[in-house]
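Following this line, the structures themselves.
Shared between the two complexes below is chain A, which has chain B as its partner in the first and chain C in the second.
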Partner chain A sequence: MAPTARNVPALLQGLRAEGFSGTVRVSGLPGGAIHLRNGLVGAIETPGAPTATSALLTSGRIGDEDWLAACAAEPDADRLAGHLVAEGLIGAAELEVVCTAAVFDAAFAMALSPPGSWELSDREPALVAEPGVEPRQLTEETSRRMTLLSRLWGPPGELTRVRPAPVAGAGPRGSDGWLARRHRDVLDSVNGRRTPRDIAFALGRGLYAVMLDLIRMEALHLVQWETRTTADGRPSTAPRVPQAGATTAAPAPTPVPAAPDAAPLPKRRPGGVSPAQDVGQQKKGGW
Partner chain B sequence: MTEIPPPDSLTGILASLRERVMGVSESVLSTVDGLLVVADTDTVHPESVAALAAATLGVGRRMAETAGVGALREVVARCGSGHVIVVAVGDRALLTVKGDDGLDLAAFQRESPATVEQLTKALASDVAH
Partner chain C sequence: MGEMTTALQASLDRLLDSPGVTGVALVDAVTGLTYATAGDIAEAGDGPEVSEFATLIAERLGAAGADGELESVVTTTTKRHHVLFSVARPGGDPLILAAGLDRDRVNMALALRSLGDRASEVLA
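Entry: the complex of A and B
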């Protein structure tokens, strides 16, 4: 019955009723793998959001050597959680929080673009939350997040494509007395190249949390949206093909006016101009 | 996404790969003898990557030959918090791509041949006259 479901939430609901244990591979951009245990969602792997493993390792919560030793001692990733706790590398409650948060975050990340088809496969070992998340709860929370982002900012799908840049000389940056540590971390990793998803991976934090922080920081004039998709005018030693048209790499996906018209080849500018200073006027006015 | 007209500058081609594949963060185009051609980088040192790319691909090729597993497609280094991939661009150049932990490898393998072809074409004019 399950494969005939009309969408992924309905599919998961059906699999919950069956008590299915296994993996649902969803195609699409980015797509992902949903690991189910007794019908509950234990883990989701998607290029769109950091997994629990990523969050633990990137943040340094668990050291790389400890991690490798644990993986060697417990080859079945499903039982890895118990082993990490038994080894005293992390508390059971903390691990559950991290794993569960990663499930919600990944479901949100996958909901940001239309899903493709799916197929069911046997159980693939994964670091899973115990006992896992009820599919209905997952669907409701995902909708809540999408609604909130739509209200705060605009279409969440477009927020995935912005490339925030720090506002030059943002006042509060120096006097960080009141700026939360996590905001400073985000501020340190925005550079006009990274999307919210890239920042989430760089920090080992959830995509949704990073998006909320960015929205807040844009309101505080700490960051601005970089919308150009072309590379900056870095000089190249290689010859370029004769000018046949625009030099833009790809159409700007956001509803902001595109970068200045593509004209002749990029030129080196005296003094060097960083992209951050280049886009002072391109502030998104969508809220 | 594939209907986007190919960019015609080398940096544009590299930036386009970053746009199309989730998790690609930086890339460096270099010559087989380890010299930097052009880079779309943020944190890595382009010249160092260019030099190491030549060595990496050379060792990878010899390993493929010794192991008898056919022609080398690409060298993928899977690391603690990301990936580094080196792929040949024609006979004279190399492309090194740095990706994060969530790099969409399937998408990379789907998109990289087009990028390599665009780069090859753009570089062909080097020896055309």
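Entry: the complex of A and C
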């Protein structure tokens, strides 16, 4: 049954009917591993989006040492969630939200480019959402996200390649006092070189959420796109912030502006994670 | 998300014990993803619409000079109230608890207070 499925959603739907527990490895860029438990999607690991683990650790909700101790005490990642809750490191409902959000975000990230082939393997331990997400729900939500981004911005695949920069002197009416904290964090992260994916990993947030925030912030004239006007949106070198004034005038009166800028940038060729074709034309829900 | 009752589901189910609460949903304020629902889903509202609505209001309030982040939104019709609460969270993107209330069965002030208190416990 599995090899004959016409796309990943159809494959997952078939595996749901079978109550399959195991892992589906999807090749491609970014590709990823989909962890199924009783036919439900418990976790997806892809280079295209932060995992639940990454979200938990980057946000500081669970400290690194606590995390390592928990992993040592409960080596089976499938049972790690229960252990984290039992140890009082995180609430069960909170963990459920984090894991579920990560599953939907990873599915979205994988859908941004056409998938390659897939193969099934035995269960590989993973930090899974309990009980997991219905494949049909995952497909519908992914389609909705693609459609919304296409309407708000344009081809979602192209949005993965933009490198937003802060607008010089940005800050609504000269002050960013009313900006939501997450918008301020995004503003502190954009520098004309990072893609939405880089920002998502740096903040431990979902790729889709970061993209939505960037679109909204562009509308508010807080950020601007660096590559939108380039011929095919893929500059051979990372564009620079136009002039020094842009960074010094950045609306970030926080006392630690140097930290994000000083951090080493991800070493990755521009566009290296995306295929050459226009991924925005992908069939709806065809991830 | 499945047949099993999870901690989150149990948490939302408990909110239906409050008088006049007809439906609740826990929604991601940024993505509009609905994490769990209880009661009449239509009464609680559609996730993407809820998040878009709250975002729009927060933005307009901010642009108008209001300080602080959005805490709640109450929409009232002749028959019902629809309430959105921000859910406190130690980290991660904000969440919204959306609730539909039967206007004939609730004292709005009390319901707001009670739900507001309990919104912060949803993720406990």
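As a convention for this text, the second predicted complex is superposed on the first by the 224 of 287 C-alpha atoms of A that agree within 3 Å, B and C clash if a C-alpha of one lies under 4 Å from a C-alpha of the other, contacts with A are read in each partner's own complex, and residues count from 1 in each chain.
One rule holds for everything that comes next: contacts are C-beta pairs under 8 Å (C-beta built on N, C-alpha and C of every residue); 3 or more make two chains touch, one makes a residue touch a chain.
Model, not experiment: these values are computed from the prediction.
In the superposed model, A:F201 makes contact with chain B only, not with chain C.
In the superposition on chain A, A:V97 makes contact with chain C only, while chain B stays out of contact range.
When the shared chain is aligned, chain C comes close enough to touch A:Q137, but chain B does not.
Contacts of A:F20 after superposition on the shared chain: neither chain B nor chain C is touched. In the superposed model, A:W118 lies in contact with neither chain B nor chain C. Contacts of A:G60 after superposition: chain C is touched, whereas chain B is not reached.
When the shared chain is aligned, chain B comes close enough to touch A:P47, but chain C does not. Applying the stated contact rule after C-alpha superposition, one finds that A:W225 touches neither chain B nor chain C.
Considering their complex, residues 29-30, 46-51, 54, 57-58, 64, 191, 193-194, 197-198, 201-202, 229-232, 234, 236-241, 243-245, 247-251, 265-266 of chain A touch chain B. Taken together, the chain B residues at the contact with chain A in this complex read 1, 4-5, 7-16, 18-19, 22-23, 25, 29, 36-40, 42, 80-81, 100-104, 107, 121-123, 125-126.
Chain C contributes residues 1-4, 6-8, 11, 26, 28, 30-31, 33, 35, 48, 55, 58-59, 61-63, 65-67, 69, 89-95, 122-124 to its touches with chain A in the complex.
Listing the residues of chain A that touch chain C in their complex gives 40, 55, 59-61, 85, 91-94, 96-98, 100-101, 104-105, 129-134, 137, 141, 144-145, 148, 172, 177-182, 205-206, 208-209, 212-213, 216, 220.
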